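Next come two complexes built around subunit A: one with subunit B, the other with subunit C.
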Partner chain A sequence: MFRTSVWMLRASVVSAYLILASLPFIYALRRLAYVTGHSPFEALMRFDEVYGGAEALTYTLLEASVSALLTVLIGLPIAWCLGRYEWKNARILRALFSVPFVMPAIVAAMGFLLLTNSESGLFQIGIDLRTETGVIGDLARLTGWDHPGHFIALVFAHAWFNLSLMIRFVEPTLARLNPAWEEQLSLLGQGKNRFDRLRHLWWPVLGPAVLCAASLSFLFSFTSFALVKWLSPFNNTLESLMATYGGSAGIEDYRVDTSEIVMSASMVQFLILLFALYMTSTMQQRHSTRFSLVSEGNAKSQRGPPRMGAKIIVYAGVVFAMAPLFTALFASFKVRKGNFSSGFAYDWSLDGWRAAWSGDLATMGIGDALANSLLYALCTLCVALPTGWFLASTIHALEVEKRFKTAKALDVLTLLPLAVSAVMVGLGVLLGVLRLMPELFQWSYLPVVPHVILTTPFVVRVMLPAMRSVEPKWIEQAQVLNLNRYQTWYHGHFSFVRGPAVVASSLTLAFSLGEFGASWLLVRAGSWDTLSVVVDQLMSRPKFDPLVQPAAMAAATVLMAITFLLFFVAERFRHEGEGGGF
Partner chain B sequence: MNKDFVLKIEHSSKHFDAVKVFEGLSLRLNANEIVAILGPSGCGKSTLLRCIVGLEKADSGTILIAHQRGTESIGYLFQNPILYPHLNTAGNIALGFSERLTKQEKKNRIEQELISVELGGFETRAVESLSGGEAQRVALVRALLGDPKVLLLDEPFSALDLETRRSLAVQTRQWLKQRSIASIHVTHDPEEAELIADRVITWDSMIAVNEEE
Partner chain C sequence: MKTAFWLVLIVLMGAPLAGCLEQTSASEECVVLPAGHADDGVLRILTYDITALSDALTDEFTNNTGIEVEMIKVDDAGGILDQMMLTKEAQQADLMIGLDNTYLPTAIANCLLQAHDASAENISDSALDFYDGPLALPFDQGDVCLNFDEDALSEANISAPTSLEQLTGEEWKGKVAFPSPVTSSPGRAFLVASVEYFDQQGDGDPMAWWEDMVDNEAIITTGWTEAYETHYTGGYGEYTEGYIGDAWMTVSYCHSPGVEAFYAENYTHSTSLVLDHASFHQIEYAGIINGAAQIDGANQFMEFLLSSEVNINMPENNLMYSVIEGADLPETNGYRYHADLPSAVTTMTYEEIEANMDIWLDAWKSATKQA
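Moving on, here comes the complex of A and B:
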């Protein structure tokens, strides 16, 4: 009886989530199909006729592929050095490298804008990635390439953002691989040199993890919005194309061309992301746990402390990971004085913070925006955590009952929101609400809906491996001690997944706080702006007022500080060697 | 017995930080000879083998390897057989080839070797499906493919049940003798040592006296 009730509850939660996750996309497509008079398939076939579509697709594929490659090139040496040697401060180093991934994209965008502007160190040495003079200008002229500086800044920002994926996937396996595996190979005929060991051991062990991290980097770069909007403003990706035209899409007899653009672009994006997700899922399955792992201390103590080369690589990586964030922090205190005729000078002051805190007629103060963001994040957590937990436990229960195909199907379905862009989710919620209950559009908690859809997959990804690692012997032991059902669950299951649940909660809060794409579409009403939207609003203003940039950076710094805090809470509960990317 | 040595250790010492593992240790291994070193767990037997094969460096003393290939002429069998799960049985064995052979030659050789250790037809078996004794025999075949002059056996049968342990000890002795390979076998089981070795020495005796004279 109890078992049946549990399965019924699971089935209801799974169905409710799948409906919630798929409805916005379906609604958006239905509405767009109605307005344009084309089916989704026809829209897909007509993609080459869409204004700016082919250029956006080419640019998206190019920037996502180069970003994924760059992530591997930068992340793999760092993961290798971090995993191979005994670092005294390994925990702190890991935390520092993971920070970019949980940073709101808008904060990263602000950091990279500052790193590439006319007062940056890069500009001083002749690398002008913003206005593209000097070497970058020459490159543009010689190759006929439009805005190479913007492209370079964008792919480096994506590599920065995805750096932790490579480290989280590769480093734990490397750090805990039984050294005897390498020693054994080095004693065999086919393992005498480095190339042989790479071929016979390192690639089979790490290859799937590297490819998995690369395909996720591709996926996140493909759907990136805030970074594209700010760092590469003259080139559209599919996501920014949809966001640009999303505002007027779905309205009958008005700018039907924009509806066609959004519909075709969303279909192409959906198919490509579905393929990338399939690749990720396949690689994740192959990501081997069959290799004998030992405790990290045991494995690393045999390899000793890091050599000079490893130190240079890792500490240079730390500088790369922290630079945009510290730049944003410093810029919040740096206020411009003077004018065009008398020349500019800079003062250090708290004026930017005061301006950001008080807000004005056009922009909300960061205190109020923070309260909105926190409220949305808490509401998101209240729904996403139990939903994700239930989904993960259902997948795990199916696996325990050896219904692997159903488990796999559900596993892939929970990933689906990642295949639909945040902009599309926001648009879907907007159109769905307008059609079903227009009065809901005035409901201030509306942004929670896309936030739940977008964060639940991350809860599943954190909780599922944790549930898989709980051995049945703990439950069995609790049962033979004659504990009641709830005590058995608490001691035999909950106590093992409590840590990952805290990690999932912190990540959910962090992702919700930093979410930008869907919020940007939904919260334009003005009274319930989130902190990430306020950053964008401030930076979108003309910079005649010297306090605009410091105020935007102050807002970004608050967002960054809260994310930092949440992330370090999460890190305390992360188990040794826990991989998986999130 | 042929009195040419294949391996000679003289007054060798090893410490891990302040902890002494062994000091003033000497041993001589003659050609085609199988020596069993008997000692309690944790006394440093495995560290000695690791120093011989070059996985660790001795702090002082000398380790002389008679063969011109140096440490490459030494095979090593770990306590737990290390078979790579991404390769099947044949793939794991193929890692042992030190010479360049064609695919067909490799295939034939692996087939023959598997038959010689009573594992004929196991080529495509997943290594995770092998029993402890089968896995250790696959590891042994792989080690022998490198044409070693000396094979170091680091308690390779200790994880097996008593019956399998004894029978594998006897069989291993036969295989080593057939191929004229000298061997050092470390164990804490006196009966196993007697079954496999030409000569059994205790750990303490290697340190107390220069036993080869």
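Moving on, here comes the complex of A and C:
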């Protein structure tokens, strides 16, 4: 009876989430099909006729592939060093490496623009990625490559953004790998030299985790919009193409060309990302079931404190992770001076912070915006965490019952919101709400809906490996102790997934704070504005007034500080050996 | 997995067949629609990032009238039109503020506005020239024209052009940035100006000129911000992040150099290119949305926005000219001194723009091979 009720509850939660997650896309597709007169399949076939579509697809595939590769090249050594040795401040380091992933893209873009401007260290040593003079200009001339500097800045920004994926996937496996494996292999013929050990130990152990992180990096770089818009202004990705022309998509007898662009591009993007998500899911399953692991503290204590080389790699990684954020902090105090006829002139002052706090330059001050952000983040957490938990436990229960195909299908379906263009979801939410319940637009908590849709897949991604690693015998042992059903669940199951649940919670809060969805809402009332929306508002307005840019940076700094605090707290709650979070 | 993959595809591919064709066509005649949302006493304003609509201004309105105000913000003027079109079945805002005279005819033709009661008594004739009907009132204005960097020209030993045709010359290769008329309202305004400019020449073909400009590596951006901040060398962009500075000329307002000077203690090296019929008198409007719930509040806000006390401050609060009769730019920091006045602006009428805008946009897209 209890078992049936649990399955019914699971089925209800799964159905509700899947309907909520897929309806916007279906509504948007229906409207675009009606406006253009083409079925989605026809739109797919007509992709090469869409203006700018082929160029955008080529550029998207190129930048996403290079970004994923660069993420591996930068992230893997850091994860290796972090996972192999006993670090005194491991929690702080992990929190620092996590911050970029949840930064609003607009903040990241500003940070990278500051790092590549004419006053930056890179510029001083002759690497001019922005105006492409010097070495970069020569590279462009010699190779005929248009705007190589912008491409390099973009892929590094993507690698920065996705750095924590590599660390979160690879570091826990390394940290908890039984050192006996390595010792045993080095005694065998198959592990005599580095190449052999790489082939017979490290690749089988780390390969799935690396590929999983790489495929997710590919996915996030593929759907990147703000970074592309700011760092690579001469090129479009599929997402930026849709965002540019998507505003008028779906309107009958008006700018039908934009509907065609959005429909074709979104179908191509959907299929490519569906494939990437399938790969991610497959890799993650291999990653989480392949090896038995030991406690993190035990493994690390056998390897000792970090060597100098490891310290250099990790601290250089910290500098890379923090540099764009610190430049944004400094920029919040830097106010353009009145008369600059004699060249650059700036004042260092708190005027930007005052302007940001007062809200004179945006729809609201940062205090009110932060209150809204926190409120929405908490509401999102209250819905996304149990929903994600239920979805993960349903997938795991299906796996336990050996219904692998259904489990896999559900696993991929939970990732679908990540494969759908924000433009499509925005249009779909608008059309869906208009048709089903227009009064929802006056409901203050509407922004929570897209936040839940997008954060739930991350909760699933964090909880599922944790649930897979819980041994059934732990529940049996708890049952032997004559505990009641809830106590058994708490001691035999929950206590083992509490750490990942804390990590999932902090990720959910951070994603919600960093927006991830509010901009989907095409009808967005000012009173709903969050901190990341205020940053975007400030960055988008004309900056004749010298206070606009420092005010935007001040708002971004508050957002960064809150995000760092969240991850730092989450790391304190996560016990050693409880996994990295994905 | 195969099953799941095909299941997802079938559901999504088949979705459009599930009864989507019940949507109705736009009505030919305009009728006042019932409210698209419940009247909860809050006035909802659909607008873009208009700096004049600050918290202080809306608070003052609320204190005077007791009506609360909520802003629904979109990216730009085109976004206002898109939003009204998309939510036609159930409008979520009561008042729109920000459609300009290149978009207004389309909004009116699509029955997106309804008559207001606000008074146009103190509005100047120049602001009412384009549209003087019952569906919208102007609240600010300015002339869109080309701006250029005096220092860059002087350094390159080039004189200011005396015709648009000169911009197709070698010395201007890759040095002019245009916001796209498809995605930007100043871009759209300049497209209209270019059409009239070549029309005035008699045998000129504006689209051939645009084609030549693209061949001369003109930079086309999605919006004014990218053109002015990222590419233009003459403005404040060089002090902002992301600056590239590869264009000596761009589209902005004839009074933009005045705004530059206002914020930089009477200093600017930007000036406007005042060629006859190469500038467009842009007027921005406020109007009550067809399907509004707070009609009384919307009327009161229009009166408030057009009151002398509020509207006279448009140059400082919104960086545009006021529409109040006799109002001018302030002289502070050389605002008025550096703001140029075109001698002959476009004379395109409401009817011409309504009839031709889509044709011009299509022709522009073909000429420049832009989406």
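Methods note: the second predicted complex is superposed on the first by the 500 of 582 C-alpha atoms of A that agree within 3 Å, B and C clash if a C-alpha of one lies under 4 Å from a C-alpha of the other, contacts with A are read in each partner's own complex, and residues count from 1 in each chain.
Here is the rule we use: a residue touches a chain if its C-beta (ideal position, glycine included) is under 8 Å from a C-beta of that chain, and two chains touch if they have at least 3 such contacts.
Nothing here was measured: the structure is a model prediction, and the numbers come from that model.
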item	value
Touching partner for A:Tyr51 - first (subunit B), second (subunit C), both, neither	second
Dominant contact partner of subunit A by residue count, subunit C or subunit B	C
Contacts of A:Trp348 with subunit B and subunit C, given as first, second, both or neither	neither
Partner chain(s) touched by A:Gln184 [first = subunit B, second = subunit C, both, neither]	first
Touching partner for A:Lys192 - first (subunit B), second (subunit C), both, neither	first
Partner chain in contact with A:Pro204 - subunit B first, subunit C second, else both or neither	first
First (subunit B), second (subunit C), both or neither touched by A:Tyr486	neither
Subunit B residues within the subunit A interface of the complex	53, 55, 72, 74-76, 78, 80, 82, 84-87, 94-99, 128, 142-143, 145-146
List of subunit C residues in touch with subunit A within their complex	1, 3-5, 7-8, 11-13, 15-18, 20-21, 23, 25-26, 36-38, 40, 44, 49, 51, 54-56, 70-75, 78-79, 81-83, 85-87, 89-90, 92, 106, 110, 182-183, 221-222, 224-226, 228-230, 236, 239-246, 259-260, 262-267, 319, 365, 369-371
Parts of subunit A lying in touch with subunit B, wherever the complex brings them together	178, 180-181, 183-192, 200-201, 204, 288, 290-292
Footprint of subunit C on subunit A - complex, ascending	22, 25-26, 29-31, 33-34, 39-41, 51-52, 110, 113-114, 117, 130-131, 230, 233, 241, 244-245, 247-248, 250-254, 257-258, 261, 270, 274, 278, 331, 336, 338-341, 344, 359-361, 363-364, 405, 408-410, 412-413, 416, 427, 430-431, 434, 438-439, 441-442, 522-527, 537, 540-546, 549
